[in-house]
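Below, chain A partners chain B and then partners chain C, in two separate complexes.
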Partner chain A sequence: MNKFKAYIKIGVIDALEMRFQLVYWLYVNMAPIILMAYLWSNVYSKKDSIGGFSLNMMVTYYILTRLFNRIVSTYSEERIAKDIKDGQLNQFITRPISYLSFKFGERIGIRIINLAIVIPIYIVMIFFLKKYFIWQMSLWNFLIIGVNLFLSLTSFFLLAFIIGLMAFYMIETHSLNGLKEQITGLMSGYIFPLSLLPPELQNAFKYLPFAYYYNFPMQVYFNQLSMHEMLLGLAIQCIWIVILYGICHLMWKDGTKNYEATGI
Partner chain B sequence: MKTLIRYIKLYLHFVSNCTTRELLFRTHLILSFSARLMLFGLYIMMYDIIYKNAASIGSLNYDQALLYLSIFFLVDTIGFTFFIKNFSTFPEYISEGKLDIVLTKPVDSQFFVSMRYFSLTSLFSTLPPLGLFIRQVSRLHISLDPYHLLIFGLFLVCTLIVYYSIWFITNLILFWVHRIDALHEFFVTIWRFMQFPPDIFQNVIRLFFLFIVPILLTIEVPMQALTGSTIKISHIFLLVGASVLSLLISRILWKMGLRRYQSTG
Partner chain C sequence: MKSVIHLENLRKQYSYYKKQPGLWGSIKGLFHREELFVDAVKGISFDIQPGEFVGFVGPNGAGKTTTLKMLSGILYPTSGEVSVLDHKPFERKAEFQKQFALVMGQKNQLWWDLPPMESFLLNKAIYEIPDELFKKNLEELSELLDIKDILNVQVRKLSLGQRMKCELVAALLHSPKVLFLDEPTIGLDVVSQNAIREFLKKYNEEKGATIILTSHYMQDIRRLCNRVIIIHHGELLYDGTYDALHTKYSDSKTLEFTAAEEIPESELLKFGTEMKKKNNTYSIEVPREKTAEITGKLLEKYTVDDIVIHERDIEEIIGEIFISKKMRE
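Right after this comes the complex of A and B.
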């Protein structure tokens, strides 16, 4: 546990060193909200409801999904792939440190600092958009969303870890990140709510991990799920975490066998 | 003229070098193409959802909106073909001091850092929007006479100049703030605002995209030229003016940046 605390601390220090970077990522994160607000307010000027979503629900959806994105998204894959390609992995293989735990702890540390900066800004934004923002949070929903976000962070990280480990087998992994981003964008409800998609697609996406990153917590937020559906959702997330962890474990075992300490 | 031919020859060498390299990583090529294709598909899906729910974006009908989207993605993929690899390499030049070697070469440094790399994947990615473009031109019964095509082409060149110049300028921030990862996303994020028809933007943001970051007319004016709609003279002036001015500013800022550059990185 002490080791894990140290990993988090490394992430915190790393994030503090890059304050400019945080402000920059904040801009990258906020700009699409502004774009979507313009788009949907134009669309809703001719129609009151689309796919069961009012303008207020849509604005709330985009603000909160972007906030959730700041909490759960991890972009560790590039660094992991770089560690493998440059031979930086040596220092982890030769020490009694779990590379996966180190990277996960580091990510949590970065997220903590990130959130300390991002949350106040979101609060200010919600204050300015309070005319559109729907506030309906019960304690129970808050708890479910909290658990869901932690599971999403874990699952998102494991997915990034798998893509990073692909560097054991491929020289260029950048394209895999791109593909992952587009798949996640569609299936998680990041680009638009999944309820706007045909029912067959919505049903299929329920069994994949992506829908639980953004669409599921928003359904919980809007009170659109029964208790049974909420618990089932969390259970599906847990199953996916076990599967992804298993894949990570196998890939790590196989990859380090062929890994040459000089890098790839 | 001699200098121009020399630069064209040099650029063709760059293209051949990058193409050979990219063809070595075919899986990467296919995956990157799939990612771009998916992104394009996602936006068509979004347009579909909006129009199927009997709504619309701005004043465009469904077919016009798809034509607009196809032109946006055409510009975007052409821009990516020429610049994405160059601008994502920018931090290496400025923050890591690799610009030294560029400055010693007998070639214009702005040309070198802007055109050294070429993306074959992005070139392939122009095919889906091109397909949609041809489909929409046919569905909207647009007659492609040489005059309209020429005007459309000229405005598209202006758009690409604005696209290049603003993207280049945003990268120059690195001369003043030494470390920002993925700074090339700065422009891409702004540019994405143009994936929807510009009449959704009103008041301050409209003025911002007209005069501060002049990208508001970059898709609309070429589209109007293609469809034969009336184009406001002021819009033509604004687009052409923006292309000349932004290119000039990019040159001035590059020179200023070079004066700040410390070769230690």
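Right after this comes the complex of A and C.
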């Protein structure tokens, strides 16, 4: 556990070191949401409801999913692929350290700093958009969303880890990143709520890990799920984490066995 | 004494794909690729005893780094035996990893954007170094390498020499028993090279750590290593002391002397070969076993002001070994 704390700390320190990055995060967080709110208020000027979503629900959906995105998303794949390609992985293979837990810890550390900046921005933004924002939160929902976000963070990370490890087998992993982003964006409800999709698709997406990143916690937020459905959702997330972890483990074992550590 | 490192018939084969040149070759390569193999290390064996400082010498691509990578567990050997501190390195057991360190001159383990101190603290956690020991080791190492005032400067702002010193500290904080150094002085200026050399010598002597060092600078090898292992094309060419290299591969020495009188060339050539003359300073090459005898004769015959006996340059000798090896192939 001491080791893991050290990994988180290095992430925190690393994030604080990049001061420009912090300003960038400010911008990245505010601009799209304000744009979205404007866009949707125009769309809704002709209709009251789209796919069961009122304007207020839609704006709330966008604000909160962007916030959840800040919490759960990890973009470690590029760094992992780079470590593999330029041989930096050597220092992890030769030291008593688990690369997976190191990267995970470092990621959490970076996230903590990111959130410390981002959360106040969201509070300000919600204040400005408060005529649209639906505030409804029970203790139960809060707990379920909390657990869900932690599981999402883990599964999001494992997915990134798998893509990163593909660098053991491919020279370029950018195309895979792109594919992953696209799939995640569409199937998770990040780009639009999944209730805008045909019911068959919605049903199928229940068994994939993606919908649990954004669509699921919003359903919980809007009280659209029964207790049974909520627990089932968390269970499916857990099963996916086990599966993804298994894949990571196998890929790591096989990859490092055949790793040639570049440069004779 | 039980050896720390044991290699027996160790081999490593890399596979790669052959690509035919040109666009058409690239297109064909999409469907069918010819797999080729190259032997980077072709069955080498040696044993290293505790406290030895071994120099690993060979031209680029000789298999030095590949061997180091097998010793540190980065690579799986294709066949043969390798054991370090009674462990098989490729099993990557934490218990083994806590007892050695690998420093590569061309790669860094320090956090680029952070001061070295943060990397040191991270290593403290990784190697589970007790507070007391960490403090003591850090104090001692930073004193020896004179890096106290850069502990809190971002690594990216350090010079290459300072960075290398910090790399060494990071690698030694957990008091490893075995140390693998892959070109630790590469690209450094003479002053930094010397500082690092002095430090390594001291460290080896005082801590009794076993060290394997690869370097292209013969100065490193000469000053530090009591044993030299030369490999070439993945094969072991020489394993012995640095001084014995001379006796084995060079059967002549050079006599350089200043004489009061003019000596005709023909006369000097009776004593040895390859005479050179510069003002009153002469140099001739003489057979190793006759050095003393010829020196005596010269002193007797001429009025010699000054005489020096040179061994041939080791770099030259090694170069010749590599070339003659190549010619035979």
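Throughout what follows, the second predicted complex is superposed on the first by the 260 of 264 C-alpha atoms of A that agree within 3 Å, B and C clash if a C-alpha of one lies under 4 Å from a C-alpha of the other, contacts with A are read in each partner's own complex, and residues count from 1 in each chain.
Keep in mind that, in the parts below, contacts are C-beta pairs under 8 Å (C-beta built on N, C-alpha and C of every residue); 3 or more make two chains touch, one makes a residue touch a chain.
The structure displayed is predicted, hence computed values, not measured ones.
Trainee: Just chain B (first), just chain C (second), both, or neither: which does A:L208 touch?
Mentor: Neither: A:L208 stays clear of chain B and chain C.
Trainee: Check whether A:L35 is in contact with chain B, with chain C, with both or with neither, and answer first, second, both or neither.
Mentor: A:L35 contacts chain B only, not chain C.
Trainee: Quick one: classify A:A6 as touching chain B (first), chain C (second), both or neither.
Mentor: second
Trainee: Determine, under the contact definition given at the top, whether A:L179 touches first (chain B), second (chain C), both, or neither.
Mentor: first
Trainee: Under the stated touch criterion, name the partner, chain B or chain C, that contacts more residues in chain A.
Mentor: B
Trainee: State whether A:L149 touches chain B only (first), chain C only (second), both chains, or neither.
Mentor: It touches nothing on chain B or chain C.
Trainee: Could you tell me which stretches of chain A are touched by chain B in one complex and by chain C in the other?
Mentor: 18
Trainee: So in the complex, which bits of chain C are touching chain A?
Mentor: Spelled out, the residues of chain C in touch with chain A are 14, 40, 61, 63, 65-66, 69, 72-76, 92, 94, 97-98, 100, 102, 104, 106-107, 109, 111, 113-114, 118, 121-128, 154.
Trainee: Under the touch definition given earlier, write down the residues of chain A that touch chain B in their complex.
Mentor: 18, 20-21, 24, 27-28, 31-32, 34-35, 38-39, 42-44, 46-47, 50-51, 170-172, 174-176, 178-179, 181-183, 185-186, 191-192, 196-197
Trainee: Chain A touches which residues of chain B in the complex?
Mentor: 25, 27-29, 31-32, 34-36, 38-39, 42, 45-46, 49-50, 53-58, 121, 177, 179-181, 183, 185-186, 189-190, 192-193, 196, 199-201, 205
Trainee: Under the definition above, what is the set of chain A residues touching chain C in their complex?
Mentor: Its residues touching chain C are 2-3, 5-7, 10, 13-14, 17-18, 87-88, 90-91, 93-97, 257-261, 263-264.
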